[in-house]
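See the structures that follow.
What follows is subunit A paired twice: with subunit B in the first complex and subunit C in the second.
Take a look at the complex of A and B:
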């Protein structure tokens, strides 16, 4: 734990993430402006003392919308990675530990999933299920587990031949139990790393979907659909509609990537660089 | 040579055990029909060079050869259960019966204590997991008492601190003693020790051997002690089996084998033991032990044997029996 906090990447990533979590929980209580209230007479105003991040085409407060959007982005990030973990980790363990038929079937499914472009898969599913924030979470979760399965399987394969697995068998412990107590804890490191990286890419995927109008539906705010407006009014030089949500997306994604990379340095000594 | 708590009843009998490992070309035989028997309270030593099948024998006795890597191709392993006097044929029982034998009746400690513990979980968890296999319902208190007693008997104290530590916080010797305590947790009657000291320093070896002897007497264990080191074996074993290329070449009471080896291989092994104070170089056996799978017709030791003649290269010598001893050589009838 101390090593983790000493790592500058992890520390700065965590600070940014905590900042956004803080904003998403307490922001609406501190900055008491409605993200959906319209005020046509104040439309498309540049940032000022009254509207710190300006207003959009319907005169809504962009700062309030960015704050409200942070809640959506973070929850999509965490929930969809949660779903991916629930699917990916058990499948990876089963494939790596039992091998043979189970391994072949699971890895072929993974290969098939990986050879489709993820965004295309997501678009297809959304087209069937209809756009909503819950569908977005589920779909991102359902499409981002294959990489995780590969990591877990690889780790399981390497742990499986260790002597303490045999030692456990000598004691008469059941295979399923061995998988649970001896192998699962050993695969945690790569899982945590790819989960942190996964949150970043899930947030990005949500923004893209909302930008395309397939995610969070107006009038509910999301970083992605604020950007959509910015694109429409780009000829009016409304830079604040692009810069603020864009920066928010950039910062969260970078933060999660910093955490992921930093964790890799700390948890995975094989890839640790000499400094 | 120790005669602690001998009684004559057999506890384990293995007959014509063979095992082979898969390879891309053909299966490689690692054991080619080995017989062993173990009496209650007795300690037998299994000696041989690397590749002679010692460790395979240990794994075979517990049916632990990985299905992907090899198979046990023949033989019977019979275990005599104490309570019922029933004979259990380990080579033919199903998996759930087998799990009741592993750890509970026959336990095994391995060469390298560092790798036989999971680095990410504490020692207590290792004990707890092993205990709950054979005790579905138990009180945490009882387990703690039992583990403390066992740790005490292998000279690891204080139990509380030991159990709350991770494996990497121990030295090799301590960890090997902890693994003995773990092996004895479910009260097995047979302990297989597969080169328990070979990864340890010589001074630590001594301690581990003392612990093993002590445990043997305290828990009335029957021990199968596997080693390449005849000196170590002579310290603890009552009887010795000498393995060469997957076969027993000589067996018998330890004292007699040391005094009067019959098989040329045993003789050469004993000659090659370094003696304290002796001058000159260590005598070695010419040639190399055959690779498993490369064994040709005739006696497998013949290419390295100074007594060998034509017959030795043509036919495999049958075992010669004499009282408790047996050896397989044409030249020593």
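Take a look at the complex of A and C:
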């Protein structure tokens, strides 16, 4: 743990993430302007002292909308990675531990999923099920587990050949117990790394979907749908509708990538010496 | 490997499409002028009234004869609709691949040769930024700055309105100017991914004994890096190319929609939005086939780059 906090990448990533969590919880109480209140006479205003990040086409406060959007983005990120973990980890454990038929079937499914242009699948499901934030979370979760399964399987394969696992088998400990008590904890490093990276890419996917009009529906704010307006009014030079939500997306994705990469340096000693 | 993947992709596409609520004739039901009988007949003509597995197998057997059916929207053949969009997508992606390989190779080599020196660290930060930056936001910002603010580059479509009347070289220049923004903004992520991969791959190879041996024999540093190391470091890159393809094809849906690029990705978006089942299925197949061809080429490239690998 000490090692973790000494790592500058992990530390700075965590700081940014905590900053956004703080904003998403306390932001609306500190910056008391409504994200949905319209003020047509103040539409498309550039940033000023009154509107720090400007206003959108209906005169809504962009700063308030960016703050409210952070809640959406973070919850999509965490929930969809949670779903991916619930699917990906058990499948990887089963494939690596039991081998044979189970392994073949699971890995074949993983191969198919990895060949599939995921965004096409996500778009299709959301377009047909109807755009909603819950559908977005579920679909991103359901399509992002295969990479995880691969890592867990590889880790399980290498752990299960170790002597202590063989010893446990000889002692007659139940297979399920070996799997969950002795093997699962050893696969935790790649799981944490890809979970951290996964939150970043889930946030990115949500913003793309909302941008295309398939995620959070207006008037509810999200970083993606502020960008939609930015594109719509692009000929009016409304840079604040692009730069502020864009920076928010960039910062969260960078933060989670920093955490993931930093963790890889700390947790994966094989790669550590290379840097 | 190929057949199950193709099978799996069409199966997933098909069932996702049909198991979700709603159907292509929904829009008609709203209209008071259309009576229930007409809707039933419409469902019958499109075969939407039959059980799902029968619909799937009849679709599959028609596809075996390359008959993808006709669009629900305008009745034109799916193969025709895709064929007229495919060149634009391929053009964009070829330019994209050229860009990222042309830039990633020098970046990868420089940062590996100057390992842990200042330039390596600067490049590493740039690469990390490129890796994390949301490419579609960059696309929008570039669009606003170069397209609207400065007015240097066109922001949407593939050709100008007066394209038909231009002489040949102006036509080429016209398409090229339309290509710049979409190609550059899609390239950022792939470039970062590739150059980072090449760097670590080069570092791995440089440590090997045969490189030390080559250096000991007095082979000049330049050919040591460019021939002995690069060739070996390049082998894993070919696999990366195969991994990059699905993302590339998926990404074309997003970027072609943003830039109104008249390619297959935008057709996919339009077809999905209109619930045009035959077109969506057709695009699913084409995407799967393109991915598989990419993987196949990667395998061949693999064997060509590494004489130790031979396929039976």
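One rule holds for everything that comes next: the second predicted complex is superposed on the first by the 272 of 275 C-alpha atoms of A that agree within 3 Å, B and C clash if a C-alpha of one lies under 4 Å from a C-alpha of the other, contacts with A are read in each partner's own complex, and residues count from 1 in each chain.
Basically, contacts are C-beta pairs under 8 Å (C-beta built on N, C-alpha and C of every residue); 3 or more make two chains touch, one makes a residue touch a chain.
What you see is a predicted model, and the numbers here were worked out from it, not measured in a lab.
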item: Combined model on subunit A: subunit C and subunit B, fit or clash; value: fit
item: Contacts of A:211 with subunit B and subunit C, given as first, second, both or neither; value: second
item: Which superposed partner A:118 touches (first subunit B, second subunit C, both, neither); value: second
item: First (subunit B), second (subunit C), both or neither touched by A:16; value: neither
item: Angle at the Cα centre of subunit A, taken between the Cα centres of subunit B and subunit C once the superposition is applied, in steps of 10 degrees; value: 100
item: Which superposed partner A:171 touches (first subunit B, second subunit C, both, neither); value: first
item: Subunit B versus subunit C as contact partner of A:142, first or second or both or neither; value: neither
item: Residues of subunit A touched, compared between subunit B and subunit C (which is higher); value: C
item: Lowest inter-chain C-alpha distance for subunit C and subunit B in the superposed arrangement, angstrom; value: 18
item: On subunit A, positions contacted by subunit B and by subunit C; value: none
item: Subunit A - residues contacting subunit B, complex; value: 99, 162-164, 166-174, 177, 181-182, 185-186, 188
item: Residue ranges of subunit B in contact with subunit A within the complex; value: 62, 64, 68, 98-104, 107-108, 110, 112, 115-118, 120-121, 125, 129-130, 133-134, 179, 182-183, 185-186
item: Subunit A to subunit C touching residues, read off their complex; value: 108-109, 111-112, 114-121, 123-125, 127-129, 200, 204, 207-208, 211-212, 227, 230-231, 234-235, 237, 239, 242-243, 245-246, 249-250, 253-254, 257, 261, 274
item: Complex interface listing, subunit C residues touching subunit A; value: 1, 4-5, 8-9, 12-13, 16-17, 20-22, 128-129, 131-134, 136-138, 140-141, 143-144, 147-149, 155, 200, 203, 243, 246-247, 249-251, 253-254, 257-258, 268-269, 272-273, 275, 280, 283-284, 287-288, 291-292, 295
